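Got some structures for you, see below.
Both of the next two complexes hold chain A, though its partner changes from chain B to chain C.
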Partner chain A sequence: MRDLRHVRPYGDTLDDGMVQFSFSLPVPHGEEAREAARQFVAKMGVLEPQVVHAADLGEDMTFFVVYGKAPHDIDYTAIKVPKVESPVMDFYEINQFIRDRIGRKIVVLGACTGSDAHTVGIDAIMNMKGYAGEYGLERYPEIEAYNLGSQVLNEELVKKALELKADAILVSQVVTQKDVHIPNLGELVELLEAQGIRNKIVLVCGGPRLGHELALELGYDAGFGSGTLAPEVASFIVNEMVKRTVG
Partner chain B sequence: MAHAGIMPLWERVDALGVRDLAIVGVSKHAGKTTALVRLIEDASRTGRRLGVASVGVDGERADSVLGTPKPPIPVPTGTLFATAIGAMKEASSPVEWIEPTGISSPFGEVWVGRAAASGMISLAGVRQLSHLLLLRARFRSLGADHVLYDGALSRMIAMHPDAVEGVILATGAVVGNVEDVVRATRQGLRKVGIGLAEGAVARFCALQVGFDGVAVAVAEFPAVPTDVAEPAPARVSGENGNRTPEWSRAALSDIRRYPGATAFTDDIRAAADVTERHRVFYYSGAVTDAAAQSILLRPFPSLLVAESPAHVFLSEGVWRQYTRQGHAVMVRRSAKLIGVTINPVSPRGVTLHRATLRQRIEALTDVPVWDVME
Partner chain C sequence: MNSKLYLDQEEIAEARSLASAIADDVVAFIADKTTVAIERTVLRLLSLDGVDADYVPLPNVVVDHVHERGQLHRGVARYVINAMLHTGLGIQAIGEAVAAGELDLLALPPRPDAEMFARGQEEAQIALSRINRNREARNHYLSRLGEGPQPYIYVIVATGNIYGDVIQARAAARQGADIIAVIRSTGQSLLDYVPYGATTEGFGGTYATQENFRIMRAALDEVGEEVGRYIRLCNYCSGLCMPEIAAMGALERLDVMLNDALYGILFRDINMQRTLIDQNFSRMINSYAGVIINTGEDNYLTTADAVEAAHTVLASQLVNEQLALRSGLPPAQMGLGHAFEMDPMLEDGFLFEWAQALMAREIFPDAPLKYMPPTKHMTGNIFRGHVQDALFNLIGIATGQGIQLLGMMTEAIHTPLIHDRQLAIEAARYIFNNARHLRDELEFREDGKMVRRAREVVHEAKDLLREIEARGLFRALGEGQFADVKRSLTGGKGLKGVLIRADDYYNPIETALRGALGLPSANVGRLEPKGREPGGRESEGREVGGHA
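Up next is the complex of A and B:
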């Protein structure tokens, strides 16, 4: 039986601790470069580092793949990651829920904000044809869904939210550099607070680098990671809307 | 963790007459939590009872952004605080849980508790301005002398004048090299330190309390009597020599209000009855680049008035352009700037030259500068 209190990486055999690194160093390709890569990985505390691949990238840069053994283990049983805990309904249930509990169509805006031009995430949630067998929000008869596309400025998003009287805003951040998504996501919250409409809007963000915990820290109501489907997001929005009117 | 030298922060808080305060950072890991720990230690030594909360998740075992450990928050017996009970699993302080707040979080509902003995606590679950207002009232009723908020991720709501009377700006090596820190701090100071509206402008703003929209007014400046040796009520501002009037001396008239107007949806110049003589623009909501750009090319220097610094969202470039034209920005109300804390050590392991950093930050401001690692 596996010991989940001491989990180590698996390479060839259980608990061998094998890990693989790939990185570049700004040094010319050669034996010295290989040794530099080996020493670098050793300094990270990795045991028996072996450079198994080194390639000249040109311009005095070298790319490496290094194997080694990690001396650490993880107690898997102690891990707790906050996740959105909202009952997930299906397409039909969500529309019925909106008719029964909200009594009007709801307005949802989606956008990829800042410098991010990667709409794969927001499209999977919004587009009528949907993703992985689930319709996107544009298909929901009780949801007026507006996909604003990519590189939308926060100011523009708030403008649309005011004009369309949005009930919910979905922000997607897929590819960002140097954590630029963090201040960018934060600014939207601050703008909504300053305009006095933060409490009126269910604010959700999503993307491969966004968990629920970070989303909450940034002042969002929820954060969804990769692979999230439209019903999960829609269920959260409608439940949150009802919770606010009841609460 | 006891420190030999104590930052005279609380003396300054008293001198300014501040009761509730927040620490806001120019970026994450700017040393906010470190400064918070120092404030709590010092408060305890001077017999002050605190109510403590953090905007965002803080005091957590691991940080969800950089993956670096965060400093725990040690508190003395009797400290009031608000947190999600689920976030307290790693905390060591025995707690007397007093009441639930109705604020939900991924760690469960936020409760107000009291440290039954000294120990470590984790603060989490508080995220919105409405939460801060609710907690302030609860802490007050439970006898807190001061409410102290740790702002997370430069959350500007923590410096909202509805929530606090004073603000400490935290800056540090996480931003980059000394030049980067100076630049980010200058921007932070510029935002926290926006001037308060005075005179007729202040009275005009007072009329707008509770109003949701944009209000504009014609501004005129009285001629200076010839027997007064004072120069004309204007000063040269910006590189192009445009003159910024002394707004505190303006006489305002022909006030017009546009209910529901916002910087996002309306170009106020387009309103039929706004003339070029209308030079004062009050926005109850956010003041954005679009608002500044809409009056950038007006022939007379104009004044944008925001509700508070937390309502100003001007980018560096637009701000510079705008003020160079002789225009100005003021706020109706703001929390007082208590001081600046600097953290020369970054969580990525970089240590900046302490004395240089301190000198450079002191050169930016008149308020005290404290090194949280000293």
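Up next is the complex of A and C:
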């Protein structure tokens, strides 16, 4: 019987605590480097660290692969993760929902903002062809979808939102450096608030490092992680729009 | 050459001749135009450098000075060389005097044309010999130190700080890299000037500046001596300063340059007229400097589907080849781009990738093809990513690619960490060495899937080129033929920097380059391109895009 109140990593035996690490230290390759890596992992509280690989990176840097056993455990039963709760409809249901409950086409802007040039995420949601067999928003007859592409400045995005009278904005952040996506996402909220349109817009962000919880913290209405498909996002948008007009 | 894919040579020849007609049409359109970037490039090659008190580069100051007085369409060189003759000063002193407001270049009475031409020719020859000395230095290094075998191992550094980049680059060279590319800071392609000096802050990359080029060049020469191999340096001459960056690269001995107008048009929304004109001049410089250009066709497959859009890559490569030839760039310097971007879940996708890579190799036998790794279908699963990169590397060696841009298992997560790069290089070297002569051992079934796939792509590319030829490249771009992206002739950034050349337009650098590259002289008649409404010609000297 698994004890979900005390969960530890699993390798091949329950509760063995097996974890793997890979990282570099700015020290020259050699026996001292291996020992430094071992001690470093031990300091993280990991038991029996084993340095299984060390490679000379040049420039007095060394790369390591280390295994060890983590003694810590997690109470799985106490975990609460905020998630987007709206029911997910399919392509036809969403379009019908818009016709019945909103009564006009809705305008959705998508962009990959700031320094990020990776449009994979926003393309998967927006593009006509979609992703994994699900059409993107551009294919939805009741949605006017505008994919602004990559490296869009927040100012430009807000300008477009005003110009096109956007009902929703989708921001994608895939690759970021030194967590630049966090201030960048925050800045958009501030700009929308400054223009007085934040509450008129359903604001959604997505990307591999973004969850719903972080999105809410940053002042967004929802956040979606990797693997999200267009209907999940569209369902949230239309439900949220209706909820606001009712509420 | 025997085609292992039994490619239809007649169909390829037909596709090439269609691409040639498309390129002719483009060249006719750009022949009577110049841009602010080209004029700044002329000044840089005439040795003007530095910035004014507000950190505006002097080439911008001087070009704007002439432009504001409405005479830039005659060529900035005319006024600068006239001033040199009058004042006896060098170009740097003249630039500084203009910046200080002490000299009005247009107020000086013009010297006789013959005198100006003679001086211009002299100055241009000095510029060309500077570039030529770098070319010779590279050849000298290559013969003394040698180089890694092809495919060259190409990796990027992108710390934002040139001194941080140096550490990562030297480490990569020691690990086995042959080419180091310094990724530019986000948005630099949209700046209409080149930043100045060494830089230590950037976003997602490091600014391309002449000083940064110099710092990295010195570091790679030093580590090259240690590892006994010439390490090539790559940067990006694309965007609004395309020819200026080509000039800076030529002056600082860069070896590889991204140089593709189509990429800028489609992915950075740069005006198509502006960047095709800039490209033509920048490729002359790259050609003369012995720089390998890289084109960006691989990017088409990041937005469009890699199976369905394969033929657009080939069509674009053929057009890029013809445009490059018209700038005097030989096939040995054409790093035409393509990519391994199919969905990894596709049955037999590996066979199709292999067929396409070999097809590109056979169609461009002398080009150091630039083969790009999977990016679109890379996930956070770094372990699968490493396997995807391994399959990509296997095709690289098995099809004789020229430049292998190594994939990183952490693609789609962050810019490469130092050990991401080491693991990538280690894997590539293992695979390249372990399968070095695989290509020589294999033949393919004439009735097999791979042969069929390659033929299909050639056929579709030819059909697409026929459509483009009928409409002209400009209209084809407007209709979204590449990468599912649509761009218009007058849309995008940078159009206001385009000018119609005056009849007495003067550019001694271009004249000298054309002479050295065996190209016909400029101003070869003015034809209306296809895909552009006739009768809309602007009067001489007016900016094509209206006022700034």
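Everything below uses one rule, namely that the second predicted complex is superposed on the first by the 247 of 247 C-alpha atoms of A that agree within 3 Å, B and C clash if a C-alpha of one lies under 4 Å from a C-alpha of the other, contacts with A are read in each partner's own complex, and residues count from 1 in each chain.
One rule holds for everything that comes next: a residue touches a chain if its C-beta (ideal position, glycine included) is under 8 Å from a C-beta of that chain, and two chains touch if they have at least 3 such contacts.
Since we're looking at a predicted model, the values are computed, not measured.
*Asks:* Quick one: chain B and chain C on chain A, clash or fit?
*Replies:* In the superposition, chain B and chain C stay clear of each other.
*Asks:* Taking the superposition on A as described, I'd like to know which of chain B and chain C A:His212 touches: first, second, both or neither.
*Replies:* first
*Asks:* Taking the superposition as given, does A:Met61 touch the first partner, chain B, the second, chain C, both, or neither?
*Replies:* It touches chain C, and chain B stays clear.
*Asks:* For A:Thr119, decide between first (touching chain B), second (touching chain C), both and neither.
*Replies:* In the superposition, A:Thr119 contacts chain C only.
*Asks:* What is the contact status of A:Lys69 with respect to chain B (first) and chain C (second): first, second, both, or neither?
*Replies:* neither
*Asks:* Output check: A:Lys200 vs chain B and chain C. Expected answer is one of first, second, both, neither. What do you get?
*Replies:* In the superposition, A:Lys200 touches no partner, neither chain B nor chain C.
*Asks:* According to the stated criteria, A:Ser226 is in contact with first (chain B), second (chain C), both, or neither; which is it?
*Replies:* Only chain C; A:Ser226 stays clear of chain B.
*Asks:* Touching A:Val158 in the superposition: chain B (first), chain C (second), both, neither?
*Replies:* In the superposition, A:Val158 touches chain B alone.
*Asks:* Tell me, in angstrom, the smallest C-alpha to C-alpha distance between chain B and chain C in the overlaid model?
*Replies:* 9
*Asks:* Starting from the residues of chain A touching chain B, keep only those that also touch chain C in the other complex, and list them.
*Replies:* none
*Asks:* Using the touch definition up top, name the residues of chain C that touch chain A in the complex.
*Replies:* It comes out as residues 158, 160, 167, 170-171, 173-175, 186-187, 203-204, 267, 269, 302-303, 305, 375-376, 379-380, 412-415, 417-419, 422-423, 426, 484.
*Asks:* Hey, which residues of chain A end up touching chain C in the complex?
*Replies:* Answer in residue numbers: 22-24, 55, 57-59, 61, 63, 114-120, 123, 127, 129, 149-151, 174-177, 180, 208, 226.
*Asks:* Quick check on the complex: what are the chain A residues that touch chain B?
*Replies:* Of all residues in chain A, those touching chain B are 82-85, 155, 158-159, 162-163, 179, 182-183, 186-187, 189-191, 193-196, 198-199, 211-214, 216-219, 247.
*Asks:* Mind pulling up the chain B residues that touch chain A in the complex?
*Replies:* 27-28, 56-57, 64-65, 102, 105-107, 127-130, 152-157, 160, 212, 262, 264-265, 284-286, 288-290, 307, 310-311, 313
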